[in-house]
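Structure first, commentary second.
Each chain gets a letter, A, B and C, in the order it is written, and its residues are counted from 1.
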Amino acid sequence: MRKFTTRALLVAAALSASVSTLAASELNFWSWRQEDIAAYEKIIAAFEATHPDIKITYTAHEAKAYNTILTTALAGGSGPDIIHTRAYGSLEAISGAGYLEALDGQVDLSLLSADELLGTTLRADGRIYAVPFASQTVVVYYNKDIFDANNITVPETFEEFKAASTALKAAGITPLANGTADGWTVEIMSGAIMPNFYGSGFFGEVTSGATDFEDARYVGALEKMSELAEFMPTGFEGVDYATMKALFTSGAAAMFIGGSWEINGFRDAGINFEIMPGPAAEAGGERMVATWLDGGYGVNAASENKEDALEFIRFTATTPFAQMLTDELNNVAAVDGAMSSDATLSRVSSFHSAATPYIMLVAFRFDTPTGSTLLQSGLQELMTGAKTAAEVAADVSNGIKTAE
Amino acid sequence: MSMTNADYEKAKRNRTLKLKLWLLFLILPPAAILIVFVFVPMGSAVWYSVFDWDGLVRKEFIGLANFQDILFNPLKNKVLFNAFMNNVKVFVSLMLVQNGIALVIALLLARNPKGYRFYQVVFFLPVILSTVIIGFQWKLFLNPVFGLVNKFLHNIGLHDWALPWLGLPETALNSMLLVNSWHWFGFPTLVFLAAIHRIPKDFIEAARLDGASEWRIAREIIWPLMAPAITIITVLTFIGSFNWFEIPYIMNGLEGSPAGSTDMLGLMFYRTAFGSVSAGGSNFGSGSALAVLMFIFIFVFSIIATKYLTSREVEMN
Amino acid sequence: MANVVLRSVNKQFGEVKVIKDVNLTVEDNEFVVFVGPSGCGKSTLLRLIAGLEDLTSGEVHIEEERVDHLAPSKRGVAMVFQSYALYPHFTVRQNMGYALRVAKESKETIAKKVNDAASVLQLTEYLERKPKALSGGQRQRVAIGRAIVRDPKVFLFDAPLSNLDAKLRVQMRIELTKLHRSLNATMIYVTHDQVEAMTMADKIVVLRDGKVEQIGAPLDLYNAPDNLFVAGFIGSPSMNFFDGTVINTSNTDVEIDVKDSVKIKFPLNEPSNLSTGDKVSFGVRPEHFTIGNTNQGTFTGEVYAVERLGGETYLYLYVGDQKEVVAHMSGDQKIAIGDMVEIGFSLKQSYLFGPHGDAVR
């Protein structure tokens, strides 16, 4: 039924596009999602079907260069009408500079949770500058065929996780595909392993300043993290993101700790996988997943077609839009109400009942050095045995305290 | 139809004027290029460096605060010092390994061995390949899981030698230095070879008659007479080492992974000025200040080095 | 006995034969000069002795010892290069002492030997200078000093004076001769200047195309050249050659017809194998002509140029069918361009060469 609506909308869009092209206000929409061009064009076509006088052109820039291209354009007084923004610190860079239109009061944001809106709020004035679009979640992927073939039951606690890994290793299979060559992948890995050890209360305490990263809970979590080094590939120090994926998709490694955006790729690779949250500290312990907001849609404050752009932004805050995002892109949409027909994606959504903020990105990416910079480098040293958990914790803690 | 004195004067003036115009014509284009592509960016970097430009908009003038921040903020100067020492290591290693190998090969090639032309071309080939491609290729070769280097080491039984070369702090920088040396050694080889060929054969034969060993000839005759080439290569290597960016960026990323062991001033500058996904937002003010510091350092040391090295050069006849 | 002996020496660069079966003995203390036109192999032969080139075949002996397998430095030779090859980054003192330093002589010995050589060569005040700050002649002396300091068995000079101006060349020529006498050393000297060869040599080796044409004392070569080439090469200006045809032979003389104009009866000291109709060359040195008819032989020609040097005069004439002839007279001759002049010669001071260029005596 839902699919039918989408298709109907598309047909309508195709028809209207051929009929009414005159008097259209033309909007530019920039993004870094090159892999999503087709999907976005469908979504835009659906919007244009109901707004025949608005025409939107979607342009995707190279992801790495996107920030630079966008900020250069904005600083030069140009830039697109509709902006696909990142969240947190990256968003603050442009919203703080006044390039974005504040949306609260102009857009109905009732379908979004406070947690999600936090990612697009400018801390300085408390106003919201983008409609959150999707969240990312850190999960543990595992290869069902390998688990079955080796009679591994899906582990629930950390000890079970290690036992399963030991068994896999004995069978000549690399338990965990993760490496440390790309710092950000180790941070992701920590997002699955560490929260269940430092606990749900830690985030609030460390962000409020009630404790710091030298907290025994955090040091303990780092120690647990380091215990996994032996289950990573031989030479994991040199294993980068591409190699990690190759190891997992080729079946050489049984598990892969990564973000929810991998689902499509792994599915395309044809492996029989399932996902689970990071293991619990002990039997019956909480199994939290780290999540963060991937970004949002904002309006250029200098746009000449601000009203039309806002009209599109209002559309992105609705359930039909969220549904299309879910259907076309397998994203976990931020806006409530969308239902996924995809079992894996539904599972990701269900994990959100025990979500915890992906700590460095959400709370410590505003100053230099960022928490991510400190943690990534610290985790590399931890996993290679160059530093102890306590030393890494001290480095991170001092770094964050000294950053202005 | 005779010319008066005035006519001669006029013709002479005419000729000097023409010469001046011609010189102007020759000088103007390079001068314009220099101004547009060197002085203007340099000037703007200096200008930007005295502003608070944390984020997208330039805020107020803050004097030398950016410099103070980079040099004396304990966290930033730790990163700066680490990167700087890595650059120093790069310079020293490239001088010893890359240019040392180049010198040995040049000395060997200077004896006109069989296949001399062939070797010359082969050794120069990596120089003309794109740095980006070389960095990427070698990153693949050094991959611990399916890289050729470790496969080869396993095949010849050196299992313990098969390391995650780019992932270990002890080997990452050295691996990249070897790749860089492989990429560039053909260039100093060519310069050294040209310099050796410029030394009259008589000098070497006279030394041979005087009983000097080949090693002694290389050290006492060829080496000092190659001084101009050594100067050029030293200064170029110095500048290249302190601006080293592409290979570390491609092979180990913007953060100088693992754990800052491959961090370079160039990477730090890029992260600071333009920001990165992990390192946070852009700060043109701070980045410009770093760029200015790098420029001053490289400029001053290049001049001192050139002065010092040139003073040791001798003219041949 | 620092003699040098070459036996059947051959040198080939790739396919090109540059030295062809050279046999030569240089006696102890002898001053031997290699002359020959540019490219004839003089330098190559010298470098073969020095060991800077390897022999293709043959033997080199120095002081009764075979040396062609030895490294240059082990042969006891010192060489002075045409370019001087002074190390530009060393001072004169360092240049002169380099070989001794390499040989690990003591500092005192080096200083003494360098100082001695410098005083002989009048270089003492230049010892601390770099070669760049010296004149051509001074550099030349440093190069010689560098050789002297090593106290070699044999000195080898490769055209050492060719970069100097005429006056300095004469001066250095005399100094080198003096040096040879005072050092009592064997010297082999390459030049293309036949005046240097004539004035300095105890023995001249004339080379052509990698082959020895003739070896002998300077005046022997002048008076009794073995062949047309040596006859033309030694002496300045060159000998005049006239084409001729044998019209009659006997045991005591050969009658030749020089280009249909003059008939000459050339006396023989030894029997010749010439026969009637052979093409021969008849030669007279410019300095052996006299003005006026001699009853032994006379050419008549029209003067087309006269060079008067005061003490001597060079006449340039067309003889017979536009044949250019040079005559060298002493004193100032009252002869003008266009004059028809008779120049005569004596048969004792004339030369005859057979069809293959060999001297007929």
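FYI, a contact is a pair of C-beta atoms (placed from the backbone, for glycine too) under 8 Å apart; a residue touches a chain by one contact, two chains touch by 3 or more.
What you are looking at is a predicted structure, and each value in this text was computed from that prediction instead of being measured.
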Chain closest to the assembly centre - both centres taken as Cα means: B
Chains linked by the largest number of contacting C-beta pairs: A-B
Between chain B and chain C, centroid-to-centroid distance (C-alpha), Å: 56
For chain A paired with chain B, centre-to-centre distance based on mean C-alpha positions, whole Å: 40
Euclidean distance of C-alpha centroids - chain A vs chain C, Å: 94
Residues of chain C touching at least two other chains: none
Chain C contact footprint on chain B (complex, rising order): 200, 202-203, 205-212, 216, 221, 224-225, 314-317
Partner chain A, residues of chain B touching it in the complex: 55-57, 73-76, 79, 139, 142-146, 150, 162-169, 252-253, 255, 257-260, 272, 274-275, 277-283
List of chain C residues in touch with chain B within their complex: 50-52, 71-73, 77-79, 81, 83, 85, 87-89, 98-99, 102-103, 130-132, 146, 150
Contacting residues of chain A [partner chain B, same complex]: 67-68, 71, 74-75, 89-90, 92-94, 96-99, 179-184, 187, 233-240, 243, 246-247, 252, 365-370, 372-373, 376-378, 380-381, 384, 386, 398-399, 402-404
